[in-house]
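Below you'll find a set of structures to go through.
Below, chain A partners chain B and then partners chain C, in two separate complexes.
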Partner chain A sequence: MIDERSAAWAADRRPRYGPARLTDPTGNRRRRWTALLMPRLTPWLFLAVPLAFLITFTFVPVVNLIYYSFTNWDGFSPDKQWIGTKNYTELFERPELFHVFYVSLYYMAASLVQMALALYFATILSFNTRFRNLFKGILFFPYLINGVAIGFVFLYFFQPDGVLDHVVRAFGSHSRHLWLGDPNLANWSLASVSVWRYMGLNFVLFLGAIQSIPGELYEAAELDGANRWHQFRHLIAPGIRPILGLSLILAISGSLAVFEIPFIMTGGAGDTKTFVIQTIKLAFNFNKVGLASASAVVLLVLILIITWIQRALLPSDKVDLV
Partner chain B sequence: MNTKRWAGTLAAGLVLATAGCSGGHSAAGAAGAPAPADPAKVSGDITVLTNRTDLVNDGTMAKYAAEFAKTYPDVHVKFEGITDYEGEVKIRMSSSDYGDVLLIPTALGQGDYPKFFADLGAASTLDAKYRFVSKGTVNGEVYGLAQNGNATGFVYNKKVWAQAGITAWPKTPEEFLRDLQAIKTKTQATPYYTNYHDGWPITKWQDALGSVSCDQAAQDDLAANPSPWAAGGELNTIDTLLYDTVKQGLTEADPTTTNWENSKTLLGTGKVGTMWLGSWAVSQMQAAATKAGGQASDIGFMPFPVQAGGKFCSIDGPDYLQAVSSHSAHKEAARAWLDWFTDKSTYAQDQGDVPTLKAAPLPDSLKPYADNGVQLLELSQTKTATVNAIDNAAEIGLNKPDYRQHIVDLARGAASGSLESDFADLNKKWSEAVKTAGS
Partner chain C sequence: MSLSTQRDRPAAARRDTSVGAHGPRRRSRLGLALSTGKYASLIAASVVMLLPLAAILLTAFKNDKEVAAGNPLSLPHNPFNLRNFETAFSDGHMLQALFNTAFILVFSVAGTVLIGSMAAYAIDRFQFRLKKLVVAMFLVATLVPSVTTQVATFQVVNNLGLFDTRWAPVALFMGTDIIAIYIFLQFIRGIPTSLDEAARLDGASSLRIYWTVILPLLRPAIATVVIVKGVAVYNDFYTPFLYMPSENLGTISTSLFRFKGPFGAHWEDISAGAVLVIVPTLLIFLFLQRFIYNGFTSGATK
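Presenting the complex of A and B:
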């Protein structure tokens, strides 16, 4: 169509469009050139802005991070020395730096609870429950709140003689707990906040997957005498397997990289330090930005490896229910 | 095929962008900021970075600037109050835009001062006029002058202590603990408040260094001492006092949920008896006390409970150092402000702080010290850079919350191990770092 028009324009040489009047005699050729290129360039023009953001705010910092991990930079000094892989050797020669990963186990356990709860609610609310939209809203709401705000809210919640203590007392228990102060409880308290916060996301993912299962399958199952449990076991569970796999990956990588909630609530004190908090402290408390960058890179690689193992062990086949 | 070409361009773009970002900058170098001779000839717009957002917001700083403008009519001062001063300015230092006059972030190594700041003059001449000169001195040249100084000590609620029947300041750690115990049994107050959660107030325990031995070289000694936590050592005595206070249940129930702003009211109203802070805290506590219906005179200030030679010792240490950026376009104007603020402004007196100018009088908050013959001691800072390097290499963090939070955790049974094993561990880390980072 464009070609036709330019051909016609070339034929009678009478300018039809405003801008064309301004072109010099060679303008004809230029138009042809842009006409050829434009369709291929258009998608890139649309992509340019998001790509620029992606590159500036994701890839450039990652490349910088990897570069810093090979230097002894202290975070502000104008000069930094290239010291090769020395940061990485130091990291692996100090096993105590990896001990903090056991804190992640609490969050992993909690994320399993979180997925089970999310699946439970998603299944129930996918059936015709009363007030289902209201419940959907309530369950998803915590995910929309800023993590820092959640940290502060729960700090008051867990305070001695705070909300939680009053609730416990209403049930008749008068024993005193330091929910954040007792090292045996602190990580469970923090992990439960994380469950409260992220369950909504799992829930919405599961709900979406469940609702994409065609309705006539349920009808057919009901005709065959299947009850709700059978429907869940044979229709819903296999139907949302890919989403379950994805959630598991997100849960595990999330547990390894927990940060906001413990950082705001305890600052990593009292055995609640996670790997990311430790990295932050190395970088900004002890001015070892090089070493901290190296440990950030190690965390990244670790998450990639775990994801890869998970994908290999639990292949997400295409689901075919019919 | 299109994708490939684009991937190439992308990669090239990445490399370019990275190069542009991490290129860094070279410092302006040796340029100094001499004090201007004639006030009328100095001109320029300068930006002053400060951590006192409260004083910027309530117009106090603007009043100082108006006063300053009377002498220097052509210099225009703009203040930039920064809430997270340490974190933010440290990062800005890697650009060239960190104001004309600023407070030197404590994380910055002393040896790096010449890379960032203008030379203010020789230490030998400035030393006669100002306190705390050695903290900002590198190779005999001064790069930073203290904004003000602080004396160390406990702020306490006089009513609570009197109610427990205590009339004299405790002279030994044991006496101190006995007094706190008396407060616990005889009053409703929490004897001591750790301010564990906010972190920074608990780091103030480090300022006590020197008050045990009353030795000017206490800080410098750390640079070569392989075991600062050995029995009888400064840090051993200080940390043991903190440990025992918590261990004997003389502190708040849950340290992990403490709140600094609230702690001022708690102390002001007598719900808390004591906190280890510094003379800077006295005015804030008095304000909190009056606001909560109490009296400013309820707030007392006492030294660390150890006497050397029959005398209490309090360390008079510098607060933030003020410096002129080496990237400043109006170094003379910047220097004029720095000098005026240190010499002529009433800042230190207004805040109840120790003035940097030697000739200026001590604030009222230190009157109890003067009355009771407490010796004010200024620590030598000649090896501070080495001590900081050792501290960072050892990842102990003498001035970071984690180290003392861990001691509180040990004392309240929230961390496994004993104080002795922690001291042994600290000594081990320190001695190893002395070998690598010490000189």
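Presenting the complex of A and C:
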């Protein structure tokens, strides 16, 4: 599309049109102006829309969020009263508002299980396996499914006398569990849905990392008499450490921001309410935008701390953009 | 980063024939036990993954009496019973939902590609003052999970007059995708600047270079962004739920969510609705497997 000939033609063109420009003083001035301004302006022309979106939908909300968190605003009335840190003290003093942190521990525990399973399956499928692509597909596909559909699938699955009860009965146990109604079980049930849903992504990421380890290394290891465990310990584990660390941090911050599955399946009833469900309910059902903002700020700060720990523990060159 | 095919490691094929340090006999017995365990665990995992889906699929073909009768894993009497799908499709307003989702999908994916590639082009190909600040702004934004700021984002959307329109999710999906910028930035670095310079000598403006040189060469990165973004938009529940409460503005997710009320305990209809939502994903997955794996691998790590 761009060859040397046309470049030469462009170079050739300039002197031919040059003198004509000089005779027109106004045009000349304008041209000098644009010549001076355009190189400076051009990147901003490309950045204008992206930056406008970035500022409108990320920075303005964050700044407003912090501002709202110090007011008692209800979300629609024109006046917002500055009440200082009252929202924050309320948040930390009312134990029922703090319970949501406890709920996220279930999801954190689940995400550890999820990572372990993903690592196991990624390792065994990185070796020669029959029906490898089929297994890979089955393990990954849940990740692509619509969250509401997953919610319904598991509402049905966990129903009293539903699929799970039938399976449990097939193994000889006759007890009938309220998988979602029993407060001791509900969070475990919901957290296991999250394992079911997200394990595939971790698995595919780990598999990709394992497969990017050069094959010669395995051959060399085998010549040295390394068995599978040695290969895992000394080749695979170091090779996937960065992605493992990243996934762990994402899983932890993700378990603080759980929303879809519990909201769809139990509506966040009783003990299954998560941080995000509580915030949404405070803001949009109880019109406590100030308190909800304070709670969102706490969540934001927590996630920033976790990310900061990750950056400190796993310095990565992937972070810098230029 | 690129969508190159992943090939199997040659070592993987060779390893089973190799003889370890423990001698052939012990090795083969251990090997047999290991490989039995391996396949047993794979099959067990597959059952866990597929059983909940199978139950929904079976139920979608049953009539209400069969569902009430009990065993959710029994086969439907009439495997060609499509009545539930008709009910779910028409009473669930799935056609409208499909239109709304397609609308949001097309605009937000196209917008994400344009915005992401423009930002990446400006950041990678130009030297300008405040460049560090701009880059830092995009970086900081990746740290803020959008789910935490919705309380305040809601007010912004409301003040812009976008609330309860299809443009609210479009604007939000376009404005909050920093990952796309990363992917484009990674890719644009691999495009030689000599191409830009040649086009510039040719008299092409920056906009023209972006449109005719850079954008076509970004095609593999665009494919990645389209896949990752497309799946995210199709599956998103949170944004349309918060910003488009009107009945006629339901997307695939929110329309399916509304099955919960009117269909009450009619699990055959709810199942059919869920199957209707899952099938397009399954088809896309089967046809674009390789692109999807690569897309998610590069989308998550870059």
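Note that in this section the second predicted complex is superposed on the first by the 215 of 322 C-alpha atoms of A that agree within 3 Å, B and C clash if a C-alpha of one lies under 4 Å from a C-alpha of the other, contacts with A are read in each partner's own complex, and residues count from 1 in each chain.
Everything below uses one rule, namely that contacts are C-beta pairs under 8 Å (C-beta built on N, C-alpha and C of every residue); 3 or more make two chains touch, one makes a residue touch a chain.
On a predicted model such as this, the values are computed, not experimentally measured, just so you know.
Of the two partner chains, chain B is the only one touched by A:Ala269; chain C is not. Judged by the touch definition given at the top, the superposed model places A:Ser126 against chain C, while chain B stays out of reach.
By the touch criterion stated above, A:Val113 is placed in contact with neither chain B nor chain C. Touched residues of chain A were counted for both chain B and chain C, and C has more of them. In the overlay built on the shared chain, the residue A:Leu37 is in contact with neither chain B nor chain C. Of the two partner chains placed around the shared chain by superposition, neither chain B nor chain C is touched by A:Ile305. When both complexes are overlaid on chain A, the residue A:Asn64 reaches chain B and chain C alike.
Once the two complexes are laid over each other on the shared chain, residue contacts for A:Leu180 go to chain B alone; chain C is not touched. When the shared chain is aligned, no partner comes close enough to touch A:Leu105: not chain B, not chain C. Looking at the shared chain after the overlay, A:Asn285 reaches chain B, while chain C stays out of its contact range. Taken together, the two structures place residues 40, 44, 56, 59-60, 64, 75, 159, 162, 284 of chain A in contact with chain B in one case and with chain C in the other.
Taken in their complex, chain B has these residues touching chain A: 2, 6, 10, 13-14, 17-18, 21-22, 24-27, 87, 90-91, 93-94, 105, 107-109, 112, 115, 196-197, 199, 253-257, 392, 395, 397, 400-402, 405-406, 409, 412, 414-415. Taken together, the chain C residues at the contact with chain A in this complex read 6, 8-16, 18, 20-22, 34, 38-39, 41-42, 45-46, 48-53, 55-56, 59, 70-73, 114-116, 118-119, 121-124, 126, 128-129, 131-132, 134-135, 137-139, 141, 143-156, 160, 171-172, 174-176, 178, 181-182, 185, 195, 198-199, 201-203, 206-207, 210, 212-213, 231, 234-238, 242, 252-254, 256-257, 259, 267, 270-271, 273-274, 277-278, 281-282, 284-285, 289, 292-293, 296-297, 300-302. For chain A in complex with chain B, the touching residues are 40, 44, 55-56, 59-60, 63-64, 67, 74-80, 155, 158-160, 162, 176, 178, 180-183, 186, 266-271, 281-282, 284-288.
Residues 1-2, 6-7, 9-11, 13, 40, 42-47, 49-51, 53-54, 56-62, 64-65, 68, 75, 117, 120-121, 124-130, 133, 135-149, 152-154, 156-157, 159, 161-163, 166-167, 196, 201, 204-205, 208, 211, 213, 215-219, 222, 225, 227-228, 243, 246, 253, 257, 259-260, 264, 276, 279-280, 283-284, 289, 292-293, 296, 299-300, 303-304, 307, 318-319, 321-322 of chain A touch chain C in their complex.
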